[in-house]
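You will see two complexes here that share chain A, one where it goes with chain B and one where it goes with chain C.
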Partner chain A sequence: MDREKRNHLIRVFVAIALVYGLVAVLEFTLRPTSIIFTVLRKGAIYSLVAVSMNLLNGFTGLFSLGQAGFMLLGAYTYAILTMPTAVKESERVYRYYDALIHFDTGVLAGLIAAGLIAAVFAFFIGLPVLRLKSDYLAIATLGFAEIIRAVCQWDVLGPLTNGANLLREFKDLSRITLPFSDIPFPPTLFVFIVVGICILLIVLLINSSYGRAFKAIRDDETAAEAMGINLFRHKELSFVISSFFAGISGALLAMFQYTVQAQQFRTVLTYEILLIVVIGGIGSISGSCIASFLYIALSEWWLRGLDMGTFLGINAPDLFRSGFRRLVFSVIIMIIVLFFSRGIMGDKELSYERVRSFFKGRIHRKENAR
Partner chain B sequence: MADFFHQNLSYFLSGISVGGQYALIAIGYTMVYGILRLINFAHGDVFMCAGLMMVYLSSSLPFAISIPLVLILTVILGFAIERVAYKPLRSAPRMSVMISAIGVSYLLQNAALYFTGGLARVYPEIPVLSASVVIWDAPTRVVTLVTPFLTLVLVILLSLLIKHTKIGMAMRAVSVDFETSQIMGIKINKVISMTFMLGSLLAAVASFLYFTNYASVTPTSGSMPGLKAFVAAVFGGIGSIPGAVIGAFIIGICENIIKGGASIFGIPGSGWTTFSDAFTFAFLIIILIVKPTGLFGEKSVDKV
Partner chain C sequence: MFEIKGLSVNYGGIEAVRDISLSVPAGSIVTLIGANGAGKSTTLRTIAGLVKPKAGKIEFEGEDITGKDPAYIVGKGITLVPEGRRIFPNLTVLENLKIGAYLRNDSIEEDLERVYRLFPRLRERSWQYGGTLSGGEQQMLAVGRALMSKPKLMMMDEPSLGLAPLVVKDIFSIIERVNADGVTILLIEQNANMALKVADIGYVMETGQIMLSGKGSDLINDEGVRKAYLGG
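Right after this comes the complex of A and B.
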């Protein structure tokens, strides 16, 4: 390994360690109800879905809009599996049905099962759907996501999914403990660790020979096929893996929200994630992560005043009423889509050199201006 | 058999009526796709906006003014969306335009959410249309009877326009070959604007008929009819107007037959309404796999 590569790796590890250290410090110093934790947790969860969607849309060139459906599968699998058996058998959650499953699993098993169920469904959905091209694929995946949502709410499946009612009292973020003990584990750090591992796996995949095959398919299907890449197998692989991680992020979202209802996983959720991917730059993993945190911070924190009557010291309750935040937000998104279609990162990744040259460029410009 | 029809007549009637409404929306999808090869995700939301405009305008204006005003404003909205969100991306990859369309859909829904405060708005009762009638013992509204005929009249007018006018000829030319028609001196932008305006006009008409039946408008009430109309357009062969109309009627009728599942098939269960939505997409996927070009679609050939 040459020196440059080694330096690069060291920098990456230091940066990641810093992020995790910061999260841990925040977790032990700030009040747990602080808005920062909401932003960090939800931002991390959205990063994972955004990266998983980017694997499909940005790296394999499959325009899929089924992410919300796979998140729903993950969220439901996790909630049903980790809900304590005593709760299932009481009438607290399953009020109108007798629960079908009479066992419960731990958090990790629940998370992995969430991913696996989503992946299994993705495998069978992918068999017919991945033979379609661009916009037909988009509509078909969107359709499947809607079918999954409809079936989840069907009352015949009530003993399993509780019909259209809420699922709650499963092992959410407030109930995480260190393995084999009752010591509570810091929840934000937990989300970061799970998301970090998942994104690391996706990065490793993208940099492997499979990842290169995905990119070849994205750039030119016919040429990739001529180079001996099995189109269908690779598309299916990308679809299944992306859905696996979407399932895990759905489970994390369930943990974050404390409740799950099929109604939350509408097409709008997929649209939001797609827009995050676009803002971050299609084909950039770090871009997707940055965009997720920005998006969540803006919508949950910085622009909150737009909904509450006062923003930047201006008090106008008639203008700044509920919903204004999302309106402003969608205008910003349209501006990005129309005028900065490459997003924050384009298809490049964040690196020390880029950050340095970015700041250097600014200093230069300032000096020149003088 | 006659008895069976008699018992379930209300489902068939509302199926035909909803089918007509989907048909009017589907034409907007299919025409835009025919010319720009773009799924206009915002079209369902334009339809919803037309419904909301009617709610607000009719509260202060008489119907004789508010109905034409809604038509005009929806046409302007469709025109504006095309100019602002799609025209700058004419040479961009198809995916960017589609993302822009999704962005517009998101914007319209959020705007509607802001203006309505997230509440369902009661749709005004348009005289004549919302009067109730009884046909063969099935109570229904006049709009149910008017819709299929109005749809057919509008479709015939539209086909005449496309067949016999200059702008119609230009539209056909552009949908066959975008670049060549440009070389032949057709003003592409004018044709595209016209397409969007026609689509929006029909969506506005559909909104009068649809919301009279459903009685309330919410920010998301455009997305489901929009998606279903799109499925209808795909079924008929996207780009083909008669195909879209036939597809819309088939989907409307099937959907309502499923909604009446409990009495029609004799299978109990209350989940039939959710399944009527799922059916539409299952149908879409089957079509896309069995016959991706739809009923009347042209076969496309990939060139390397």
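Right after this comes the complex of A and C.
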């Protein structure tokens, strides 16, 4: 039993080390403009927010659609905090307003602050909203996310948020350095490290006694309450923690995009993440990660040709033009939801045994067919 | 040890429980029998803190626990085995048991061992998901889960519901064993015959009121009870 557990841990560790090693190798060998880096970075960022949404929807049973709002809070907090003071005081970004904040912080402080601000807002939004159930909760959180976006663009808050204008020139992915030095740090590896740490924390939470209580609430609220689990306190905890990590992923997204604008954090973003969670499997962390890389790879890379005139070597500019990718993408999603409604992983996690038995099963089937 | 005085509860727009009083002496098995909709479940849910009463007083070991929240009441040593078992289907048997001990900070190993000794079947299935157990096993798990909170008083809501007669027999023998271990039991049943056989004291409930009470063995021979609940 214990040996099995140790073997399992070693395998997980080796697998993770391989992934990070691969990312590092790619980063030192490929051109920095390669599409692979876009996919890896965005995929990792989406993994984090998908896992944070899964913590709420898959593990606590709270159908919340506020992710985009908390990502926005994180992105703005990060951008405003890490923008150098000189840039804030110049006309380059705050053209129509006088910047309110006259200091700047480092990348790590910015990331943590991004999470904390999102968590604080989640705490206060959670107080009224978490008393609602299922669809009503979804509608209310969706509403709050839209309110956050609208308020963010409000003229009065201009000195802070630059109104509806872009924020830029903050410490984005091209400006990552090793701490206390000017030596540049590989950006994709940086994203992977931050995301990895955050997801590790979520996994630890889910496997703790709090995580067990979350799952009990998801399975049966009344029974959980009868066991002495304080429903509201645990829901609030899950909501705040999920939003904390959504905030950090928002900040990472800002770093990845080099600019931030409230317009980017519409409901569509939440739906994208929900889709990833569903495709990956509700209640599966590894499923969410796999699905987000797949989703990003499809939408940013593999299906790109559908918009550009040439796909799989077929040149048909009349058919493959702007917008066709979306159509194909929608069809793929419909097929997935119809035929794989439990997602790639269901509510299970990826493990060595599962991969092995999957391939074994295939070989067996082939042999039987012969 | 446990007393209800003049309890009234509104539930679902009606006065489900009207001015009932009952007492449960330490170490005994007390049963509350009655037809569907008599207000039995509402009474238990109110004691557990899931429903707030309109009037009346609930006392446990001399302390007034009326209207306290469920976590407090579980912490005091009262636990509920809910109607229909309500185990957590997507948690393993072991996780289900651990949830039962959620409010405890001390070591649970000893109690886990006790539950496994009481239900060897659960030990065999400790890595199985709760939802994959049979009805009888689920009832064992529900009882085991409740025992994990180290209760002084265990309330059981229709433990025989939907179980085969042989399994029902098992469940009742389990109830007696748990009781012999020193846990006081308040049992709700529609299966009045079985319940009265194991109970020290019985209360008969009808449309929100207690109509009759007495020793279990006396009630089982009572003409009115026989007619109404035991099929002549």
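Heads up, the rule we're going with is that the second predicted complex is superposed on the first by the 369 of 370 C-alpha atoms of A that agree within 3 Å, B and C clash if a C-alpha of one lies under 4 Å from a C-alpha of the other, contacts with A are read in each partner's own complex, and residues count from 1 in each chain.
Just so we're on the same page, contacts are C-beta pairs under 8 Å (C-beta built on N, C-alpha and C of every residue); 3 or more make two chains touch, one makes a residue touch a chain.
Source: prediction; values computed, not measured.
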{"item": "Chain B versus chain C as contact partner of A:A150, first or second or both or neither", "value": "first"}
{"item": "Residue contacts on chain A - larger count, chain B or chain C", "value": "B"}
{"item": "Partner chain(s) touched by A:R92 [first = chain B, second = chain C, both, neither]", "value": "neither"}
{"item": "First (chain B), second (chain C), both or neither touched by A:T222", "value": "both"}
{"item": "Chain B versus chain C as contact partner of A:R6, first or second or both or neither", "value": "neither"}
{"item": "Which of chain B and chain C A:S209 touches, first, second, both or neither", "value": "second"}
{"item": "Partner chain(s) touched by A:N230 [first = chain B, second = chain C, both, neither]", "value": "second"}
{"item": "First, second, both or neither for A:K360, with chain B first and chain C second", "value": "neither"}
{"item": "Set intersection of chain A contacts, chain C complex versus chain B complex", "value": "222"}
{"item": "Touching residues (chain side chain C, partner chain A) in the complex", "value": "48, 50, 69-71, 73-75, 79-80, 82, 86-91, 95, 98-100, 102-103, 145, 149"}
{"item": "Residues of chain A defined as touching chain C within the complex", "value": "209, 212-213, 215-216, 218-220, 222-230, 283, 347"}
{"item": "Complex contact set, residues of chain B against chain A", "value": "37-39, 84-85, 88-89, 92, 94-96, 98-100, 102-107, 109-111, 113-114, 117-118, 220, 223, 227, 230-231, 234, 269-271, 274-275, 277-278, 280-282, 284-285, 288-289, 292, 302, 304"}
{"item": "Residue numbers on chain A that touch chain B, as the complex places them", "value": "57, 63, 128-129, 131-132, 134-136, 138-140, 142-144, 146-147, 150-151, 153-156, 222, 266-268, 271-272, 274-275, 278, 282, 321-324, 326-327, 329-331, 333-334, 337-338, 341"}
